[in-house]
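The same chain A turns up in both complexes below, where it pairs with chain B and then with chain C.
Up next is the complex of A and B:
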């Protein structure tokens, strides 16, 4: 360890100890325990109402007509036959809209390129063309067949390398060579770095797309009243984003739109942009003044939403013989599909996280996102980082093996540490990578010798705890919370965060209970309703625990300060005494037996305020926290894999997850999040494949699109690496998204160690293993022959 | 020697860094300057994206060096 590294780590540790000292004095009673989800009973008993379940009086059912062509001009749409069908109430097309192009990058008009229900042309198979509202779903479905669309079919282009060629069709007018956006990151002297290296390696990789596969498909119910108020029940990751984006495309005020997303059946990065369901139901209800519901079928969810961004990666890495990293250069060309969406952010983040979790003296990244006539690609759990780690962690493993180095120790030698600054990008205040490496090493050692064709692979990664980027250009704070204390001691917490099944409402209830000194069952959480909850950017980029958590903590501190003023007055204390509340007991810190019940204090305070309830407010917006995130989590994923050499079939036998999430808020929540992330990420590594033919997805169903099943899941023991993150509420940071990043690469590394083959395309499918083994055998034979010849 | 961006006049120690800045910014004025020097911005970008090495950056870096006397 260098002197600088030691000094930086010591400074960061000192800062942590100071904070920990303050925390140690303050005994935690709720936080860092096992708490069941507060909405668990409602969910398992079916009481929880998702958008999918919403029914309103007089409600109609909608269906969307989709383009069968990857690229075509819309010459005419004739809906007269559909309108004549009994039960059909309306048909809408692009001509019924304001024709506004929308996108989530509101700061940059050129990136707002998607018109849901386009007027001029379609750019991918499955793009909405028209929508029907009818008395029943069956009638709406039948009406779709009666809509006649006259297309002029245009040549399409489906691969980014082809789309950049001079003679390729133009997908968006005015966009030269179909290049959507480029992103560049650089620090240090890359050329000199490579000159210093003893070993330089270059590899080309490809990472495929992945479907978000939310249990609840896209669904919306919209209702417009003659008073000009639009209410939307919608399955999304950010009610506030939906409200603002809908206001933009409908030309009405944000405040006249209420978006409700109380229960959401998964998001994974695919539900914070507008979709056909929300837009078409709104257009239809504004025409009919009757509620309209659209629920996507599973096939529609596959072909007409968005997907993880497929990426072509070129990586060049230079290291010294002793394993010291010198320089890295990476270049990415991503398949953007038809529209920008969140793809521009994924393009930046893949480049940023490709450097993680290591100290690179010199680093350069160039990313190019290219439009094609395929399903748009966007953010998905990991936000570009799983692709980055697939390439980085495998190449490093191969290089360590070539140099005869211990790959874990090579990672440790170059790993991030508390106090490190990623040049111009990020400051690392807490880092549990070192301990995660140690836990992984211990686990591997305990496994002993493994049978033939079986091996352990592992991979490291790091991830953000809340994205800073304000692409949305909002004037509101990133997260805010309002807490109300009732006279009986119960507490109502309003947050703008979205509970998408990840347990954020439970997390906020725990933080509120801990801060106020009450129990979790005292807290009622309201979230995901723009009329009643403060604005919050929502559930993406692992931001809720840190950002909404800080807002919640601050709101509760505000309320606690107010209510303790009444306790001071009632108890007639000397001013030097500190008061606190724990387990509903308001007491002097130095003499805990002296105090009063919380409920009694709440009554006194309410009376003292002339009947007004105490209300606390809190908000959080990161400032001076670098380009990307206020904090970073670190993790190691190890996987034991067995491969059938005849068929190429992969079996996951066992695994270990070592995750640094700062202070865990809720152990049960943490376990659930990490298991879920493992399952999704392992699926990306060897199962979930999206083959396209001329722009058409060939497996849009759960029979042909393979996901990991319960019987295929190995044991997933977790080694919690507890650090203290100064920027997080009670020292907490993300858990659940970051672990999506290392897993595919860990599987790739296990295959390498089991069979000696290097897999460069993800997901790894059986035929690829068989082919690689065949090539290896031929290569080995040739080498033997050459040796004999000598 | 310091090299200035011919468009926005920002300054770096190496002409290659100015070239990277021009590609990284990629807005209309920067694209237009590359075109005015007789090169196709899109062609250079595609070449950079699809082939190893820094040929496109080097091409623009040479243009930047030539332009310094006029700034």
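Up next is the complex of A and C:
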């Protein structure tokens, strides 16, 4: 085993050197320099306009009537009184639609289970039932009260364990025991693995839901252009998905719909499925031939979008006395809520990333996603992995402590490494875990002894750089880019990626500038518009830097090759010479002082092309990269936490993030992603709680739903660990999501080290700490008593 | 309810508008004056996306009625730049990457501008407190704090882009 590991490491290292050899020789001029986001000025001047701000001539305002029942049959809807209200232009219900059941897992008919305006049945509180368009938002809202819906209320079921029982209500006809999706992952001989283990531990965990809580709530404006093309401004993470999904439910061709997502006020995994805003505005616009706008209130956004998937986890782990991992087995039952959405992917990814970032000789995972009459659950930043790490990383910490081992060294001993293959699943080409462990250890050591009730917890994790799976069944490349060179040297880049604040347009501008040898300010980026940009799966699963980045790089290489032909001809060079372009200077690589300005070459090339501008095309679809992702990032999150034993209040004191994102492309953007992921993930660990009672969310507002505020945020020093990922553009991989994975578990581990209590449910609320301390005290007392009795 | 004619001096320009007495200041700015830099993220005065300066004080514009601000001086994010020259706080936000999706940015700029008008040398805790009522879901706040600290240190001169 050791020899194999060493040999693999050596091969991988050699591979890396070979790959980096050319790069090391190449001087990079733009990559990882201090670059402002190219949309920065628009955003700091208030000039950026979002779907929320969109206003068109003659625009009407829409509102959605929502179900007050968790489970009910719609017997009749009478909108006559609403329609009689002055200013109301239309009311639509499921009967005004084609009634097509849709879902983002388009390849699988049985997982397309959601009508945005249901025809027969509602399955959760807040589900759309009807939509109104009126002259003003106030009139539309008043009209909602006048719509009479006759419901036959059905018994509901809200917890997955209940919903799986034989006599539970049926939520979707024909779905046995309400089991929506099952997933199985297995490698190695699990039974033998456990036989070899010296220490086996089993735990049950529960991980709650979490609201995406994008600052811009769901918003859409549907309209027809003067020429008659259906055009929708929509706050989303994938303009292409929206275009394709809307074509499906409207029964028209994709090309007859244009979706524009120019500025998007956050996504976090919640904005790439159809929502009520886009669907209802389109139905109303098609009926009235006028623009219609719907913006969700914050309450609607809480109760009727989707949420992070709540999961019940059972984990059994076998370890040898020296800390060598033998086997792991996990079972998950997730609360799917009313519909499938992206929940099916989350169910697979949680099982896969539960094994991360370690070498398990034997591993088995079984996941069950169960329908309930609650808000559907879906993808959210981390995509099932934060739940997985909450359970895995705490249990490993407890086991290391029980065995008297150094938990960091135990992680190192079993950690992934470059050259490792997750059996049948993934190939790890670059891995900075080892260095991340070292950085964490150094930071903890420098901290020294901490005061009482204060401790450091940490957690490791890894994540994907985009998904390989194609349940959407797209016939297009996963990412595409078109680059156009103007005669004056300016460059226009069209990408299908969606900029949602993560800075993807800036990342692509940097990659384009680096590849072409120009400056970032030479590049104009167009994205998030299905009429003007090539198809791209969009912003989810941390895919754009690697996938759209590769497409962009290839498009620019294509253009550069074309344009350099003219430079060769013009300069009359011996063909053994290489030409390159850096900082707008076209030159001989061996003699950089000999060359010509970029803009001069652009003029020559345009003339030489009979007046045609040079256009480069690039595309990327992962091939032969396993089941999950072309590349994986690695990280450690450490958090110093202080707990008030009386109240159970948790205070985040300090933190350290050690993160391997391959080669960074945009330094400022990278820091922003890591700090932002930390705040969202820490909130998941101890603040962000979604309590339901009989299917009703009890805190659908920003007073009662707690999130990290500026005063609660600790310092966030970052140890950047640079590796080189051969599959990524210039060696880059993901940075947007991965750090959402370890943080909650790090807080859990800090609580364990500070107070000796094991928290199995997240988010950890103060009363749980008080209760756990009380139980521990009683247990300790009983143990002491028993000792005395002896 | 009878509409009222009021004057709002928004970004040094007087606007005479007819508003329903129930109209919130944020609605007057967005829907009547027509400046959309000021956002809304909630209905409970919890998120701060609508923060503006009213007579140089940071105020959540969803928490006051437009009629209460009759004759008052309002500054929105659009009013920070002068003839295309960015204000120090805007430049600091750019340099520190203090925004991502940008939806909370106007509110953050105005809350911190309000602080800096009151206190030219705020401490880190004072900066954090000044934006405690503003939610940013993207950045984790620290880059915003760094930007305000940079302005307080005098790293940016007025109108010097």
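Observations on the model:
By our rule, the second predicted complex is superposed on the first by the 785 of 790 C-alpha atoms of A that agree within 3 Å, B and C clash if a C-alpha of one lies under 4 Å from a C-alpha of the other, contacts with A are read in each partner's own complex, and residues count from 1 in each chain.
As a working rule, a residue touches a chain if its C-beta (ideal position, glycine included) is under 8 Å from a C-beta of that chain, and two chains touch if they have at least 3 such contacts.
Everything numeric here is computed off the predicted structure, so don't read it as measured data.
Of the two partner chains, chain C is the only one that A:702 touches; chain B does not reach it. Of the two partner chains placed by superposition, A:65 touches none, neither chain B nor chain C.
By the document's definition of touching, neither partner reaches A:408: not chain B, not chain C. Looking at the shared chain after the overlay, A:497 reaches neither chain B nor chain C. Chain A is touched at more residues by one of its partners, and among chain B and chain C that partner is C.
Of the two partner chains placed around the shared chain by superposition, chain B is the only one that A:179 touches, whereas chain C remains out of contact. In the superposed model, A:605 makes contact with neither chain B nor chain C.
With both structures placed on the common chain, the touch criterion links A:216 to chain C but leaves chain B unconnected.
Within the superposed three-chain model, A:278 lies out of touch with both chain B and chain C [touch as defined at top]. With both structures placed on the common chain, the touch criterion links A:230 to neither chain B nor chain C. Those residues of chain A that touch chain C in the shared complex are 34, 36-37, 39-50, 52-53, 213-217, 263-266, 268, 297-299, 500-503, 668-669, 671-672, 675-680, 701-703, 707-711, 713, 715-716.
Against chain B, the residues of chain A that register as touching in their complex are 161, 164-166, 176-177, 179, 182, 184, 186, 202, 314, 316, 331, 333, 366, 368. Touching chain A in their complex are the following residues of chain C: 30, 35-44, 46-47, 49, 76-78, 80-81, 86, 90, 93-97, 99-106, 109, 125, 127-129, 131-145. By the touch criterion given at the top, residues 20, 23-24, 26, 41-43, 45-46, 48-50, 52 of chain B touch chain A in their complex.
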